[in-house]
Every structure is written in structure tokens, then in C-alpha cells.
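First the structure, in the form of C-alpha cells, and then the observations on it.
Chain lettering (A, B and C) follows the sequence in which the chains are written, and residue indices restart at 1 in each chain.
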Amino acid sequence: MLEMVIITLLKIIAVLAVVLTGCAYSTYLERKVVAAMQHRIGPSYAGPYGLLQPLADAVKLMFKEDIIPDNVERWTYAMAPAISFIPALLTFAVVPFGMDMTIFGREIKMVLSDMNVGVLFVFAITSMGIYGIVLAGWSSGSKYSLLGSIRSSAQMISYEISYGLSIVGVLFIANTLSLSELIAQQETILDWFIFSQPVGFLLYVTCAVAETNRAPFDLPEAESELVAGYHTEYSSMRFSMFFIGEYANMLAVSAVGTVFFLGGWQGPFTEQVPILSFVWFFVKVFMFMFVYIWLRATFPRFRYDQLMNFGWKILLPLAVVNTVVTGFFVVL
Amino acid sequence: MTLDVAIFFISAIVAVFGATMMITVRNPVASVLYLLVSFAAQAVLFIQLGALFLGVVLIIVYVGAILVLFLFVVMLLNLRGGEDLGQPSRPMSRFSKYLIGALLLVELVFVIRGSAGGTDQTVTGMMGPVVETFGSVQDVGMLLFTTYLYPFELTGVLLLVAIVGAVVIAKRETEREAAQKKQLVEERGHSSEEKVS
Amino acid sequence: MEVQLPEVSLRMMAPELFLFVWALVVITFDVVTKRAQGESVGYLTMVGIAITGGILAITGEGPGFGNMFYNDPMAIFFKIIFLGAAFMAVGSSFGLTKQKIVNHRGEFFGLMLLSTVGMMFLASANELLTIWIGLELTTIPLFVLAAFFKDNKLSVESGLKYFIVGAFSSAVMVYGLSFLYGLTGTTDLLQMKLNLATVHLTFRNIGVILIAAITMLIAGIGFKLGLPPFHQWVPDVYEGAPTPVAAFLSIGSKAAGLAAFAKIFVNGLSAFHGVEMAPNDWGKLAGIVAIAALILGNTVAIRQTNIKRMLGYSSIAQAGYIMIGMVAQSALGLSAVAFYIFAYMFANMGAFAVVTAFEDKTGSCEIKSYAGLAKTSPMLSICMTIFLLSLAGIPPLAGFLAKYFVFAAAIKQASLEGGQWLYWVVGAGLITAVFSLYYYANVIKQMYFSKDDSPYRVGLQAPAMLVVLIGLAGVLVFGLYPEPVLRFAGEVPSMFGFVSP
């Protein structure tokens, strides 16, 4: 019993450390990649190639003054960053990072909780992510924040349906809701669900970008119209929690997408070298993240009505048709 | 005290606390948040009973969708609590409110006392033993699409009706329709408003 | 896993399925024709209801989905009432759709049909879940229909009021149903009856839970029926809602609520017939509610100046009379209830059709403005008089027979051991019936005994004429020759397993 608790605690610490570092270096990655795409250099002062830049940012944000404007709803204002930050981290509780392996004679699963309804858990948690944004916007008492958060909730509600439907095809084929079972079914590259569910994959990527409020769906924080959207009034660590939350969300969506469509940690030579499964997983998530950043550097922002039309009139019907067609084939 | 019992009591207390706070705080947004807390605790209770699917669906449907809608509405109405919410209720209605509450409480107490007589056994006796896969997605799905297929489909009809109704209520008149209406009213020489007077 | 479905027969559901599809056709037709075809949408709706009636006639009895959908005589009888009410409501709303509803005629008629579909599903339900869903399917379209004049404050108020009351009563009802489910472990009414008897014999303490469940169910259904003390919404909704909707509300949703009441109480909770029934008897509680409805409806209606409000209170009173048959808890009582609703439908829909036509012409619902109508529109006045007299229960009209049967059933039951309290209910019914004559006669007085001629000449459009004629025929024919309906109504309780009729 005690041993189990200790192992779980260790796993939690490890996962948190990896994810938070991942978030920090995602910002670095983003700045570097976007810079390269725009023929700039990007961060380069702190450390070699600017590698210590995230650390410097963190230190800077921590020592800034935490400003709480007068006309905010203090309680919710203070809570909102945490509310947006926690769900993003919670997702990682069910994501398998690598093969189960034996360490010091103990069989250890490389996942915090191997729920048999892991997929549903992921969606339950994703759907909660919206609260932080909505509350932040509302409690700030500023019209930019409020507009940003209203946009955001409308957007997330609209895209959540397609987001959910996009993976239903996968679930039809796999016949399971457990993430580790999903990975087990994608043993060789040909078994990856991206090949049996190409439409589903595209839908997933699109909706995932919208769900995380990233460009070109970043209307909630459209700087040209709304200053900074829902976190306009925030500063210091509270601001950085939103910031980290956004990147943690991206990472979570990428990790889940990897599990759904790209075989999770599956890859060549994992049987011989179990550690390699971590690498494969990391590489796949990295690819996802790269696409995210690439999209940001490439596409202009949607207009609001375009966003709604796209979500309701294109993505949703497509997702429904995809589901129906998949169901049809599965039954056949 | 085992871990199970501890978890039960913690989530039960949190659920009741959330529900109580939800109806007592003045600030509508805080109210929604307390409801959220209560739902989350209830989900834990469901999961503890083995109804994993129900628990997670509770979160997805209520926390993920319905409460967001509530929050959205509260925000759009821009209620911040402390506003004047109309004239104070008359003593009669205030009294009846407490009366109904007290009645429900008495009723609840009696029900709990009554069920101490062994209805829990009754129900288990009536329903047969709990199967091992109780509450699993497969079982719920199976029931939903066989025994309860008809109510399930009927609910679909219900939702369709609700959508049609909502569209009718919420849709703004287009200019063409407004003009058409105006013309009709002019032809008749009086508007529907006059009926009121 | 092996898939096992209950006994499914789509043939049994054919009327409901057809009407559902037809409702969608009506809505689509209106959109496709660019909302220019006001009249034809209405005719299309009436044709659909007529066809559904035809299909219903050839459907027969049997299970549609196990016990969850079962076509028994009661279901068929009530479905006829629902279809009749819908037909007459649609028929009398032509003037309305011509003048006031410009945008959403298709939805107006479509929602009416969808509500009817819900009632029909409810009529066939023999199980708590489907009863509840059916009831919701009935009322949700009615919320929208009540608020259909979006730029009229009264209409919006009535829609909102009805919505809040409806949502609240649904919640109360579900709470009650959950107690029943917890007590018996089943949602099936037949099974529930058996289980209740067993539970009752084994455990003595269930009485309290049953009483809690019964109270909540009476409250929940009482809201839908507009029985006191849950009646406050009725006059406001009747006044604000479009008149044909109010008419439909008074028959359709009322009959639906009564069907649900009969199913849950008279069938499901009847396990205590013969057994020692002292603490678990719902009849007395329902009886008190019925008496309250009779007294309140009949007295407050006297003071109304608006004819729609007056008819609203009158409908509360009528619900009280119907409840008399219900609390008799006998086969005879249930047959009487069925006949009562049937007769009430013709008179009430007819009266509302006249009120609608009058309102379309004059824009007024005041009883005062009916003054002298007999001189300018004599035929219409005669029709209205007959409808009102039938509502008041004057022989030889159908309304009289309906009241007679209800009282007879209650008195028969009262003469049995332990049924003496029913005399009180019957007494209240008889006394208040006299009051009711006053306010119905008031309208007749205005029409006939006013010195001035009415400034209006009210004519009827063809569909409204049809409705009035149907109502007239129903009130007169079934008042003088009720045998066929009585024979049918006598079969209504056949599924309820009463020991002896």
C-alpha cells in the first residue's frame, strides 16, 4: 500500500516536472521556429542559443508586481488562472508515456491512472478548461477581457462538439475507451488510426487548435482588437499561469492526439529498448507542437463569423458524416 | 476508517457544502461555481459506486456544457449580485417558501427513517444481484440501445422539438418579414398590441 | 454480447411515426414555399391529422416496444381525443395565421403536431420513463406556442410563466417518480404494482415514502392539470396565449396529464385495492385537490370579465369534475373520465373556436363586447350558447351525461365499505355545478339580452366553420345517442386489472 502511494507520488512528480519543463521549452521552441520562419534569430542572449531564455522569463515574471485592479471580482479574479491551469495538467493523468517496464524488480506502468474510460476523462477535463478563461474575462471588469472570454466560450462550445465527434470514428474501430488499449491496438505503423481515420485526424487537429485558442483561432486574445483578450488585466505570476496553461493545453492535446492517431509510444525497437518508447512519444508530440507553431506563423486570424461558419457549417457536418460512414463500415 | 469511507465522506460533505453555498451566495457567478464544485463531488460519488461512466458523463454534460451555458447567461445579463432584484417578496410568499422547505425537510427525514426499515434490501431483492460489470460503458450502452432504446429515441425527438422551439422563440425577424407584417397590420387597421388594452 | 430487443412492432407506432414525419413535412413545406402559403400549411396540417386518424383506426391493439409502448383501448381512446383536439385547434387558427403570425406558420402548426405526437406516445406508455418523456414532449412545444406572439407582452408573459411552472412541475414529478422507482426497483407499471404489493407485505415502513411520492406526483401532475393549489398559471396563460393554443392547452395537455395520472395512480398505485389501504391511499389527497378545484374554479370564474380567463377558470373546475371520476378508483370511474374528456373536447373546442373567430374580427376578448351579438350573428350565438350549456352540464347535451356518469361512478364507489368520504367530493361537485351555470349564462345573457345591437358581424371561415360544426355535432349527437362512445369508453380500463367493473 505505502509502496504504491510512494511510486504514484514519484510518478506524479516526474510527470509534472516533465510537463512543466515541456511547457517552458515549448515557448522557446515557438519563438525560435517563428523567428526562423520570419528570417529572424529569436532569443539568443540567455545561455547558448538562448536556451536559458524560458528560465529568464520565469524569473522575470515571478518578480513582477502582481497588480489587482480595483474593480475586479477579487475572489474569482484570483482563482481564474489556477482554474485554467489545473485542467490542462490533469489530462496527463491518463496519458501513457511509454511502455510498461520493470524497474528494481517492480512492474511499473508508465501512466498515472489507467482508467478504462480514459477517453471520456480526457474530454471531461478538456471541457472544463473553458472555466478559467470565462471567469478571468468576467471578473476582470474590463470590456476587452469580457469580450475575449465571451468569444472564447462561444468558440469552445462550438468546436467541442466536432472535437468529440472527430475521435468517435477511432473509438468505433478500436472498440475501447482505454488509452493504453488504444495504443496497444496500433502496434505497427500501418495500424495507426491516422490511416484508417484520415478525416478524423484532420478534424481532430483543426478542432484541437480551436479548442486551445491558438492561431488561426486565437480570437479570444486577438491583440489587434482586444488588447490581450481575457488576460488583459493580469500580470506577474497570474499571467504566467495562463501562459503556461495555454502551452500545457497544447501539449495535452498533442499527447492525446498522438495516442489516438499516431500510435502513442509505439515505434520500432521498443521491444528491445523500452526506453525508446519515451523517445518515440516525445518525437510525435514534438511534431504536433511543430505543426501548431507552423500554423501560427502561416495563417492570418479568422474573422469571427468565419470562425462560427467554419465550425458549425463545415466541421460539424463533416464530423457527423465521418462518424456515420465509419459506423457503417464497422457494422459491415 | 478505510480510504473508501474517507473519500465518501469528503466528497459527500463537499457536495452538500457546494449545494448549500450555491443557493445562499448572492453573487450569481459564485453560485454557478459552487454548483460546479457540487457536481464534481457528486461525480466522485458516482465513480466510487462503480458507475465510472455516469460519473464522467456527469462532468462532461453538466460541468462541461450546461454550467458553461449558465455562466455565459449570467455573464451576458451581467448580474453581479447585490443588485436590486425587484420588490421584496410579500410576507405570504416568503412564508410559503419556508413552509415548503420545512415540509420537504420533514418529508426527507421521514423517508430516511422509513427506509431504515429495510427498503434498501427490498430494492436489491427486486433488481437481482449487482452484476460485476455494473456501471461500465458496455453495460450502460447495451441497456440504452436494447431495453431502453425506445425512451432513448424518444428523447431524441424531444431534443428536436426543443431546438425547433428555441429557434422560433429566438429568431429575429428579417426585414422582409417585418415589412410583410407591417403591411398586414396596416391592412387590418389595428395591431396586435391593441388587443392588450 | 448478444443483442436482445423487446418485442418491437413499428406497425403499432405507425400513427405516431407518421404524425411526427408529417410535422417535419409541414415545417419544411413552409420554409420551402418561402412562408407565403399561409392557408395551405394549415390545410396540410389538417390533412395530416386526418390521415393519422385513419391510420390509428386500422392499427389495432398490441405491443409496439415491449410494455413501454402498448396500444390498449385506453391508448386508442385518448389518441382519438388528442387528434380531435389538435384538428379543431388547427382548424380554428386559420384567421390567426392569416393576420398575426407571418413568419413561423409552419412552426406554429408543426409544434402543435409535435405536441400531439408527445401526447400520443404518452397515451401508449406503460412505464414511468416514457410517461415522463411523453409529458415533456407534450408541454415543451406548448411553451413555445404560448409565447408565439413575440411582440405581445401578454403572450410572452404567458409563455414564460407556463415554461417556469412546467419546468418546476416536471422536476417535482421526477422526484416523485424516483421515489417510486427506488421503492419498487422497476419503472414498468405492471411490475411496479406487483412489487408494491410484495414490498408492502414484507416491510411495514414504506408508507411514508409512498406518501412522499404520491404527494409529489399529485403536485407535479396537478401543475400540468391546473389543479389548486397549483393553478395560478392557468388564467394568465389562457389569456396571453394565442386563443387556439389556449384551446389546445385546455383539452390536449389536460387529457395528457389525466392519462398520466390514470396510468400512474389508478393503475400503478392500485396495489392496495382490497389490501389494508389506510396510509397509502392517494384517493383522499386527490379528492381534496378535486374539491379545491371545483370550489375555486367555479367561484372565481364568476368574477372574470375576460372570456379567456373565464374559460381558464372553468377549465380548472372541469378538471375538478374529471378528478371526481378518477378518485372513484374504479373501472366505471375511469370510463366516466374518458367519456367526460371526450364530451368536454367538443364543447370546449367549439367555444374556443367561436371566441377565436370573435377575437379575430374584433380584437377583443371581453365578455362585455359580446353584447348584442345574437342580433348581428345569430347562428354563431346559437352555437356558442349550446357549447356553453354543454360545459355547464345542461341536458340533453353531452356535457350533462359526462357529469352524470362521473357522479354516478363516485356514488357507486361511495356506497362501498370505506368509501363514504367520496360523498363529500360528489356533494362539492353538485353544489358548484350550480355556480358554474351563472358564469356560463352570463355570456349568453350578454349575447341575447342586451338592448344594443352588436357593432360587429362575426363570420366564420370555412375551417373554423368545420370546427364549430364538429363541436356542435359532438355535443348534440353524443348527448342524445352516447352508446357507441360509452361502449368504447367502457373498454378503457380493460388493461388496469380491476377485480369487477
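Assume a residue touches a chain if its C-beta (ideal position, glycine included) is under 8 Å from a C-beta of that chain, and two chains touch if they have at least 3 such contacts.
Because the structure is predicted, anything quoted here is derived from the model rather than measured.
Highest C-beta contact pair count among chain pairs: B-C. Located most centrally within the structure is B, per distance between chain CA means and the overall CA mean. Inter-chain spacing, taken between the CA centroids of subunit A and subunit C, is 54 Å. Centres computed as Cα averages put subunit B at a distance of 28 Å from subunit C. For subunit A in complex with subunit B, the touching residues are 73, 75-76, 115-117, 120-121, 123-124, 126-128, 130-131, 134-135, 137-139, 146, 149-150, 153-154, 156-157, 160, 177. Listed in rising order, the residues of subunit B touching subunit A in the complex are 27, 29-30, 33, 36, 52-53, 56-57, 59-60, 63-65, 68-69, 71-72, 75-76, 80, 136-137. Those residues of subunit C that touch subunit B in the shared complex are 1, 3-6, 20, 27, 35, 64-66, 68-69, 99-100, 102-104, 107, 110-111, 114, 117-118, 121, 127, 129-130, 133-134, 136-137, 140-141, 143-144, 147-154, 159, 179, 182-186, 195, 199, 202-209, 212, 215, 359, 363-365.
Residue ranges on subunit B touching subunit C, taken from their complex, read 107, 110-111, 113-119, 122-123, 125-127, 138, 142, 145-151, 154-155, 157-158, 161-162, 164-165, 167-169, 171, 173, 177, 180-181, 184, 188, 190, 192-196.
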